[in-house]
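First chain A sits with chain B, and in the next complex the same chain sits with chain C.
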Partner chain A sequence: MREFLNLLKQDLLVSWRNGFFAVILLLGVGMVLLVNFALPEQAKVGAAEYIVDLTNGRLVRSSLEERLGADAFLQSEAEAREVVESKRNALAIVFRGDRDNPGITILHQGNEPPKAINALEAALQITWLQVADLGYQKVHEQVILRPDLEKPPFSKSMLPLLMGLEVVMLGFAFISVLVFQEKAEGSIKAYRVSPRGAWLYIWSKSLAMVLISVVYALIITVPTIGLNLQWGSYLLLVALTSLLMTMLGLFIAAWFDTLSEFIFPMVGVFAVIGLPAISYLMPSFQLPIISAIPAYPLMFGLREIMFPTGKTGFLLPLLITLVLETVVISLLTRWAVEKRLMREGY
Partner chain B sequence: MIKVEQLSFAYPGSSTKAVDNVSFEIEKGRIFGFLGPSGAGKSTVQNIMIGLLPLQDGKVVYDGKPLRQLGKSFFNRIGVSFEHPNIYEKLTGLENLHYYAGLFSVGERLAPELVLDMVGLGDARNKRAGQYSKGMKQRLVFARAIMHRPDILFLDEPLSGLDPTTGQRIKEIILREKERGATIFLTTHNMLLADEVCDTVAFINDGKIIAKDSPRNLKLQFGTRAVKVEHRQDERLTTETLFLDRDEDRQQFNRLLSTGHVETMHSQEATLEQIFIKLTGRGLS
Partner chain C sequence: MLARILSIVRKDLAYTRKEHILLYMLLFPLVLAVAMRLFLPSVEQLDMTFAIDQSVPAEIAAQLETYAKLETVTDRNQLEERVQRFDDVPGIYYENGRYFVLLEGNESSAIQDLPGAILDRLNVGEPAKVERESLGRASLFRQFVAIMLVITCGAIGGLAIGLSIVNDRETRTLRAYAVSPLSTLEYIVGKSSVALILALGLSLAVAAIIMGGTAIDYGRLTVAVLASLGINIAIGLVLGLLANNQITAIAVVKVLFIITQGIPVAALLIPARFLPVLYPFPNYWAFESLRRILVEPGLSTLLSNSIAFFSSLLLIAVMVPVIRRKFRLG
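After this line comes the complex of A and B, so read on.
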């Protein structure tokens, strides 16, 4: 234990001297400013809809203006075409005709999912029945299984996404810097002729990176979310994800000689790590392979912890998955470190 | 006792052996000098002996126990001073030593502050190692190797980059380590150092040992028994080289000694460097 603490202390000291703590402080403060002051509290994610009401008697506008706001209404189809062409996320619906002989045109980009357009068509049928007073009768009811909780502001709801990505990337990037630094200085060579083996090397470095990630998470969380949080689950989730990604970083870095050689694989890993962000922004985008990426459980786990929806039994499977993944990666990392770092390179 | 038997090693992808059938023994408490030019195979032998390179052919035995059977605790018994300084440049000299001190499980060790004083880095202990000169880094690596009082020291070019005064200080420490009972494997191409401190030296060239004996015996074997004498006769200074194996010269030498006119006298045995050149046709640098 004494040897481990000695090693951990040294890894933290080198991290400090490398400026890792300054980096997380700057990033953290930037993130807090972004969430608390730069991002809006309300924002719509998805298509921006515009209406052109050319019906006799302006049936649609009189019925929907209060709900949609005056800004949603355009004056002509030509204006609608111009808006849709200039705004990539815009679509417009043009109503014309009268009660008995309506005509509806949807102007859209063409890249929207067909399901979304089908749903819009169905909704327009109902809307027309309502606005034209053609005897629409509501036959459905909505049941929300979770407690009807207040939705978090948009700015705060982005926190699990931003934080999740950075926590996993930091551990991955920082440990590779440490490894390549030791390779360049040759200090790894001196460690090889000590009685301490690969496990101690891996765990001291990994734990140092986990501590840095936890500090980073705290720097962001306390000023944005406050102290009212399930701290145990929160810290466990951040620490486990960081540990997993740190070990993955060490596993990959062990096979390369210099940081410049490692840059391309690192960019590749970061691109993959970023994929769960799509699922976070578009919950309907769910692929099993994406949910296996460590950033996924972290993002959704953090969201559930920060803004509980009452989902039960959600966190435990996430944590178990992370633990299992960490066990597998740690065994692979030990093999790589023993083979590539603990022996003289040929 | 360290026994190296018929050690051979080839790097993967290379058709030639970096080390070819090398054998030697080192008695406990002795200094064994391993001499040869760069690329001769010195570091490869050392790396195999300390387990950093795999044992391909041959045996390395420490006190009757093969290297393969020695566990990680073996590293508590050895200290390694590398040729190229390998230290944490972001840490100070003292922090470097505190860190390495914590890696070894040994009963007795020198305090990092003391060992820094011993190698002349006491005043620079709180300076970052990255700001040290090459010689200072070399001394820090040397200090790290001796700090945990190992039974066996592997010293690779310990005087590299050192000025004569500091080199003398390190030489004295090496001899004190020997007096303490440490066995020392000294890899160098510095023949003067080897001549001064080694009990036995082995010349290695192209991976093979080409000669092995005490420096004195090597000099006797490969040198000539001659004396260069300066003497004054009739106010005139004369220099003569006398070969002691020739009767005539021996008589002249005795005559000069008995007359008391001798002013300077130097034995003319070959240096280790000259012997190496004689054996291999190449120099050590």
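After this line comes the complex of A and C, so read on.
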């Protein structure tokens, strides 16, 4: 144990000397400024919808203008065509005719999934019945499991995303630095002849990186969310995911000789790990391949911890999955470290 | 002068070959582009998902399938469990002649309203005649992936320049350059030329892979990438100035990548009225040029290209005396 603590202390010291703490302070302050001051409280991800009301009596505009805002309404069909033509995320809906002979035209880009346009068409039919006051038989009722839920502001809701893409990926990048530094300085050769073994090497470095990631998470979280948080669950989730990604970083770094070589695959891993951001920004769309990436449950799990909706029982399965993944990766990492770092010739 | 520049280029090529950097630099963006190309169709055609239980009549379920992907569960408990998962999937069940749309409460308003509107629509028929007019355009997601990959290619060029300068610092080659007639400008041109030519070639290649060969105006894209190459030189110079070894380089890379990748992402996310916050960053203008070429081809890129080009040139001009002083070059 004492040997492990000595190694951990040594790895933390090397991290300090390499400026890791300065980097997380700099990045952390940047993230806090971004969340607290740069990102808007409200933002819409998706298509911009415009409406043209050519109906007799302007039935649509008088009903919907207050809800949608005047900016959503265009004056003519020609203007709508121009907007859809020039704005690649725009679609326009033209209402025409009267109560007896209504018509709706959807002007769209063509890249929307057909089912989404079908759903839009259904919604427009019902909207027409409502705005024209034609009356219809509603066959459904909404049952909201947690009706008092408050949605967090857009800026704050980006925090779990930043944690998933930034904080837990820190160990992945930084552990490689320690490995390549020891290779370059030759201290790995001295380690090889010591009786400490691969596990101590892996765990001391990994734990050092987890500690740095946790400090990074705290630098970002406290000034943005405050102290009112389930800290135990939060830190456990950040620490475990960071451990997993750090071990993955060590596993990959072991196969490369220099940091210059490693940087390119590292950027590739970052790109893959970043894919769950799509699901996070558009939660109605789900793709099994994305939800299998560890950053996916982390982002949504952190969102639930930071902005609780009352979900129960999500944390334990999440932690069990992370522990199992970490066990598998740690075994692979030990194999890679034994094969590539603990033997002469590498 | 040309001989001195070529000598640096030759030395750099030898270094990048030895360290396999050239191989990774070429392979990484192309592999990423091919992988994204394979992945894109599944994202572009992502449908909403509704969960239904077995109480929903089969003919209604069949009709619902024309509006959303369906996940069928056996009973109400499973339906509640499904609705409460992390994603936004509303549930539908049928009881006593009515449909019930089960929601968690934190879904977007569109996701909350659509299932009910669809169920009502199935009941009322078609009160208004609806026509659809499509422009037949490719997905925007595809355009933005292409933009991000082109930007990444440029950043990789900058990274290669920076790592090469860091190598010169580590191997003390810079000390040898300091006592040679090599000027600062020759050093920068020598360090940048191969990386930038590769970045240009890779940018065009990844854009072609993502968008399909014929869907791009390659002339405009080439001009935009050329106009933004100064930004990548500046990235490389900042990396070379701040990092005196590979270890500090990775810390600097981490910060620089947030700027190079974060600003385009921010430009996508923040509302138009906040965009002026990004105007001081040259890479915002590079992003804007690419956005105009790939997303809104009708718009001119003259202003954005000019700002990207001249602002990055200014950035380099500010750094040249610092490099001259720090590396003691002529």
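Everything below uses one rule, namely that the second predicted complex is superposed on the first by the 341 of 346 C-alpha atoms of A that agree within 3 Å, B and C clash if a C-alpha of one lies under 4 Å from a C-alpha of the other, contacts with A are read in each partner's own complex, and residues count from 1 in each chain.
Convention: a contact is a pair of C-beta atoms (placed from the backbone, for glycine too) under 8 Å apart; a residue touches a chain by one contact, two chains touch by 3 or more.
Quantities reported herein were computed from a predicted structural model and do not represent experimental measurements.
Applying the stated contact rule after C-alpha superposition, one finds that A:18 touches each of chain B and chain C.
When both complexes are overlaid on chain A, the residue A:6 reaches chain B alone and has no touch with chain C.
Between chain B and chain C, more residues of chain A are touched by C. In the superposed model, A:100 lies in contact with neither chain B nor chain C. Judged by the touch definition given at the top, the superposed model places A:66 against neither chain B nor chain C.
Residue overlap on chain A between its contacts with chain B in one complex and with chain C in the other: 18, 181. Contacts from chain A toward chain B in the complex involve residues 2-3, 6-7, 10, 13-14, 17-18, 181, 185-197, 343-344, 346. If you check the complex, the residues on chain A that touch chain C are 18-20, 22-23, 26-27, 30, 34, 38-40, 43, 45, 84-89, 97, 102-111, 113, 115-119, 121-129, 134, 136-149, 151, 166, 170, 173-174, 176-177, 180-181, 184, 257-261, 263-265, 267-268, 271, 275, 278-279, 282-287, 289, 291, 296-297, 300-301, 303-304, 309, 311, 314.
Of all residues in chain C, those touching chain A in their complex are 19-21, 24-25, 27-28, 31-32, 39, 42-49, 66-69, 80, 83-84, 86-89, 98-108, 110-124, 126-140, 142-143, 152, 156, 159, 163, 167, 246-251, 253-255, 257-258, 266, 269-271, 274, 277, 295-296, 298-299. On chain B, the positions that touch chain A within their shared complex are 11-13, 47, 50, 52-54, 72-76, 78, 80, 82, 84-91, 95, 98-100, 102-105, 141, 144.
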